[in-house]
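Quick heads-up: structures coming right below.
Shared between the two complexes below is subunit A, which pairs with subunit B and subunit C, respectively.
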Partner chain A sequence: MVENRPFLTFLTHLTLILGVLIVAFPVYVAFIASTRGEADFLSGVMPLMPGPHTLENYSIMLESGMTSYGAPPIAPMMFNSLVMALSIAIGKIAISILSAYAIVYFRFPFRMLAFWAIFVTLMLPVEVRIFPTFEVVANLGMLNSYAGLSIPLIASATATFLFRQFFLTVPDELVEAARVDGAGPLKFFRDILLPLSRTNIAALFVILFIYGWNQYLWPLLITTDTQYYTIVMGIKRMAVVADADPKWNLVMAAVILAALPPVLVILFMQRLFIKGLVETEK
Partner chain B sequence: MATVDLKDVKKTYAGNVVAVKGVSIAVPDGQLCVLVGPSGCGKSTLLRMIAGLETITDGTVSIDGKVVNTIGPAERDIAMVFQNYALYPHMKVYDNMAYGLRNRGMGKDEIDKRVRETAKILELGALLERRPRELSGGQRQRVAMGRAIVRSPKVFLFDEPLSNLDAKLRGQMRVEIKNLQRTLGVTSVYVTHDQLEAMTLADVLVVMNGGLVEQVGNPLDIYEKPASTFVASFIGAPPMNLLPLTDSANGATLSDGTAVPQAPKGAAILGVRPEDADVAVGAAASAGGLSLPATVEGVEPVGAESFLYCAAGGQKIIVRVSGRSPANPGDTLKVVAKAEKLHWFDTAGKRV
Partner chain C sequence: MQAKRTIFPNKFLPYLLLAPQLLITIVFFLWPAGQALWTSFLREDAFGFKSTFVWFENYIQLFEDPAYLNSVWITAVFALAVTLLSMSVSLLMAVSVNSLIRSGKAYTTLLVWPYAVAPAVAGILWWFMFNPSIGILPYMLAGFGINWNHRVDSTDALILVVLAAAWKQISYNFLFFLAGLQSIPHSLIEAAAIDGAGPFKRFRTIVFPLLSPTTFFLLVVNIVYAMFDTFAIIHATTEGGPSGSTTILVYKVYADGQLGLNLGSSAAQSVVLMAIVVVLTVIQFRWIERRVQY
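Up next is the complex of A and B:
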């Protein structure tokens, strides 16, 4: 065991604080930049103290956006991102919990084959199957739609596997007790399995929400209509402009706004999230 | 109120593993039938077939005169108490008990009435709003019982319900289960591997071994007249002493050549219960009784009684005497037993 020595305490704190600084510094810079005026970056020296333009920058981004740069206002883009992230997270959880339920609790032919087929898709992330997926989505007429943004990303082997592992830890006697109590398969799922999976669902929701929110390549590919732009790809559009200086103050304001929802989700679900990851006693 | 009848029930698992090889038992109305046997003897499988959790390969199971082979567990009107309690961890005690009733579409008031009555019987009233993880092992067991009782089923099924409790609690719960079963008068089937539980609880005792029934009957009858060496060594603690006999020119002898003249024809094994044997110094055996010269090898005092581990007739014999041991290790004496307390078994292990 590590003894309680002042120097060690100091050292561990120092390491931790340094780590936090390294991680937090870029975020801080982004925040500072979003409070400054346009001209502050042209000198090439990055200011480290907040400037007076905070409200101005944020209100521009929220209300009108950088229309001249081909990006719509932030608010609708954030709404698009929200819709996409929520449908991906909820869709993934709903589909994977049902498929895990089928795989664990029902004996049907090719059950293990089905499981492995799902599992193998882990090897095929969006980037690998992007052309065929695009083709399918295009043929189905789902370009420039919320369905096109979320449905191709909904299948999830990871979540299925997680739920499967959890279901395997639920004692058989519980299933039998439910059967004796007259609960059919659906009732058992709804009344017993679902409430027991609550923490797992919460943990997965956090992870998957952020996964959905951070999607960049896929929305970039299938949306051409500004109405369906998501925030992450929108930021990219603002930053890269021809024949003009990027307006870093505005871009950074967008970045800070874009980072808010995931942070909020984590803040509010932190307790459940950690419980879902570490809890073993059911 | 119902009877439970098993007729030649068999269970074969995938891969031709035979768990139950043909069992016929009739449990009369209101009686508690205990299935006892070592692990792997098929007793739990049999219980699960009565419950409907396991399909029946062959034979019929009837509850209240109606064959239930193809009916699901919920429609058999049975209630089961599991070894690990199997309480729903996310539900309060109240909901655990009410769940089965709700699934049957019973009205809210009726459910409430029943749950509160049952809670009163089991003294669970103060715990109704708690969750299972906030309860002790004994309390969880009580809730599991409550969940069974509240349904007022035709048959109670107990699957080793006490094996997760500590020894003291087990004794208490045993008495409680017996009392409850008697008061409620519900036909019950109880599975255990503990012969003490089996003896004290059973109205009808079924001793099973290797997927077959070895003996059925009143517990004391089985204790006094075990039908086979298996039953003899399984029922009773410490187990019955079994001494193999060999046929020689001058009748049956023990392995060291001591003659056993009183052995009936066909006897190949002599059985004496530790509590039926006694030790004596120089005394002659009663007419027809057993008297073997023996050396004491070890003594185990447990307070009210002592166990003497003796070497006699080329075998180890355990003798149980009340109070303090009259002999010390190394002493030579005689192990004696009355003629009517001797058991004889043939080569196949069947009672002669």
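Up next is the complex of A and C:
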């Protein structure tokens, strides 16, 4: 603030508080719904104060789910989401850091071709090649499996670029010193480059974990067995029945549980998250 | 392309390091994309026994199909509405946070978390608030004499998905605007203040123009987001309805392919979308190259 204008400061706070409230309101409504009993959703408008059924709703959802509609319990679905998010995050980081290392520290025929092949993946989001990709996965027998949920999504141009960018800033003297001391490429990678990349890896991990957890279309396509449902796609299956049979309290408990893990990750790792977000877009 | 001055002499190792990434890229990205491209030039007979090469006929039919053109129009309106709404709210928030000295950090924390909410979940949240029978917002709107029902009213349905999509994107835009604002030299603002420019004049003549690289970058990113990443929002809520009024292009590829009526046409739609992503990506990267000279 350049000059002191109390009224403007007041206006600024007012705008921000309004903004924060508007942003938080949908989640507040969902949370309230998840604490009420079924009877509150039969008619009229939904209440805006918490009710007494919180524990009951959440434990029903976690342990048995909406059984009458064949939806599995939430706990195993959350476990599937966790497996998927972790495999995608770790897989993407692992293969990207290796390819960035190859591109920056070696000179070999077809280096440019490899770089462009990776770059092109940026231009081919799942949404535009849904059915041919589905066919490939089906032919490989990867439907209804953790491998099918994660492997097709772990190629990553952005992660490769991020590591490439970072490796280019690592001083050449380090490589020279390592070579003089007789370290081979793998030893250099493991003992010098990997420890130096720690912060970048962590920042990327936060972003990619959220990306993996929030996948929707892909699990929807390749899982038909409820055993492999992830929570984000599972919610849709519960929400469609809510129109006919308004068990909103249960649906909203599931919504809160689906949103909680990634939101907690952001709140507790805000610095890494912002770093990861801003740097992957460069 | 840049590489290190000092490199390792191994001939075989780099291929080994690249192998996993390239393998996945080829099997799950390039091959399916090639398949889509090839199928888009074919037409299957009614029983799926043989297909004939028909050149661009699938594309010509596509662009003569009123349902497809309608979907193009809806996509444009949707993308524009989401981008403008989300970016203007985020800019307002970012400017406000940037002008505060102490409490900015707390507001930032309170504004960034929606980034973590899955698009499908964001859709369900708004869908619930707008539920015509028990939702809180239709109840309030009824007080103004507005009868809300996104199940039958096309405009209501479109507003619903726009709000959900824009809500989800606020944190992202906010963070980039804030980073952009913080990189504007403070001395410029102070100089303008000494010359007698008030806060609004300073924003209009100094801050906003200097922010234009960020604004342009976010414009492209938001259009890409609205066109491709909002599939989950639409699928989880309106399912493209009522009567196709929220069927954006990405959703149409899915819906048409799911019915499996015309593989050639579905593939042609995929190829059109790929072309759009390619153009947007090129614009985005050219901009980044120019930004380096700043």
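Here, the second predicted complex is superposed on the first by the 262 of 282 C-alpha atoms of A that agree within 3 Å, B and C clash if a C-alpha of one lies under 4 Å from a C-alpha of the other, contacts with A are read in each partner's own complex, and residues count from 1 in each chain.
What we mean here is this: contacts are C-beta pairs under 8 Å (C-beta built on N, C-alpha and C of every residue); 3 or more make two chains touch, one makes a residue touch a chain.
None of the values given here were measured: they were computed from a predicted structure.
A.B. asks: Given the alignment on subunit A, is it a clash or a fit between subunit B and subunit C?
C.D. replies: fit
A.B. asks: Identify the partner contact of A:D191: answer first if only subunit B is touched, second if only subunit C is, both if each is, neither if none is.
C.D. replies: Once the two structures are laid over each other on A, A:D191 reaches subunit B alone.
A.B. asks: What angle, rounded to a multiple of 10°, is defined by the Cα centres of subunit B, subunit A and subunit C, with the middle one as vertex?
C.D. replies: Between the subunit B and subunit C centres, as viewed from subunit A, the angle is 90 degrees.
A.B. asks: Looking at subunit A, does subunit C or subunit B touch more of its residues?
C.D. replies: Touched residues of subunit A are more numerous for C.
A.B. asks: Just subunit B (first), just subunit C (second), both, or neither: which does A:E176 touch?
C.D. replies: It touches subunit B and subunit C both.
A.B. asks: Check the residue A:F7 against both partner chains and state whether it touches subunit B (first), subunit C (second), both, or neither.
C.D. replies: neither
A.B. asks: Let me test your reading of the model: by the given contact rule, A:S99 touches which partner, first (subunit B), second (subunit C), both or neither?
C.D. replies: A:S99 sits against subunit C, while subunit B stays out of touch.
A.B. asks: If you've got the overlay open, could you tell me the nearest Cα approach between subunit B and subunit C in whole angstrom?
C.D. replies: The answer is 7 Å, the least C-alpha separation in the overlay.
A.B. asks: Taking the two structures together, which residues of subunit A meet both subunit B and subunit C?
C.D. replies: 176, 179, 281-282.
A.B. asks: Quick check on the complex: what are the subunit C residues that touch subunit A?
C.D. replies: Those in contact with subunit A are residues 1-8, 10-11, 13-15, 17-18, 20-22, 24-33, 35-36, 39, 89, 92-93, 96-97, 99-101, 103, 107-122, 124-129, 131, 133-136, 139, 167, 170, 172, 175-176, 179, 189-190, 193, 199, 202, 217, 221, 228-229, 231-232, 235-236, 250, 253-254, 257, 263, 266-267, 270, 273-274, 277-278, 281, 288.
A.B. asks: Report the residues of subunit B in contact with subunit A in the complex, numbered from low to high.
C.D. replies: Per the touch definition, subunit B meets subunit A at residues 51-53, 72-74, 78-80, 82-90, 99-100, 103-104, 133, 147.
A.B. asks: Could you please specify the touching residues of subunit A with respect to subunit B in the complex?
C.D. replies: Touch list, subunit A to subunit B: 171, 173-174, 176-183, 187, 191-192, 195-196, 198, 281-282.
A.B. asks: Which of the residues in subunit A end up touching subunit C in this complex?
C.D. replies: Subunit A residues touching subunit C: 1-3, 5, 8-9, 12-13, 15-16, 19-20, 23-27, 29-30, 33, 41, 43-46, 48, 94-96, 98-99, 101-108, 111-112, 114-115, 117-118, 120-125, 127-133, 135-137, 151-152, 154-156, 160, 167-168, 172, 175-176, 179, 184-186, 188, 210, 213-214, 216-217, 220, 232-233, 235-236, 239, 246, 248, 251-252, 255, 258-259, 262-263, 265-267, 270, 273-274, 277-278, 281-282.
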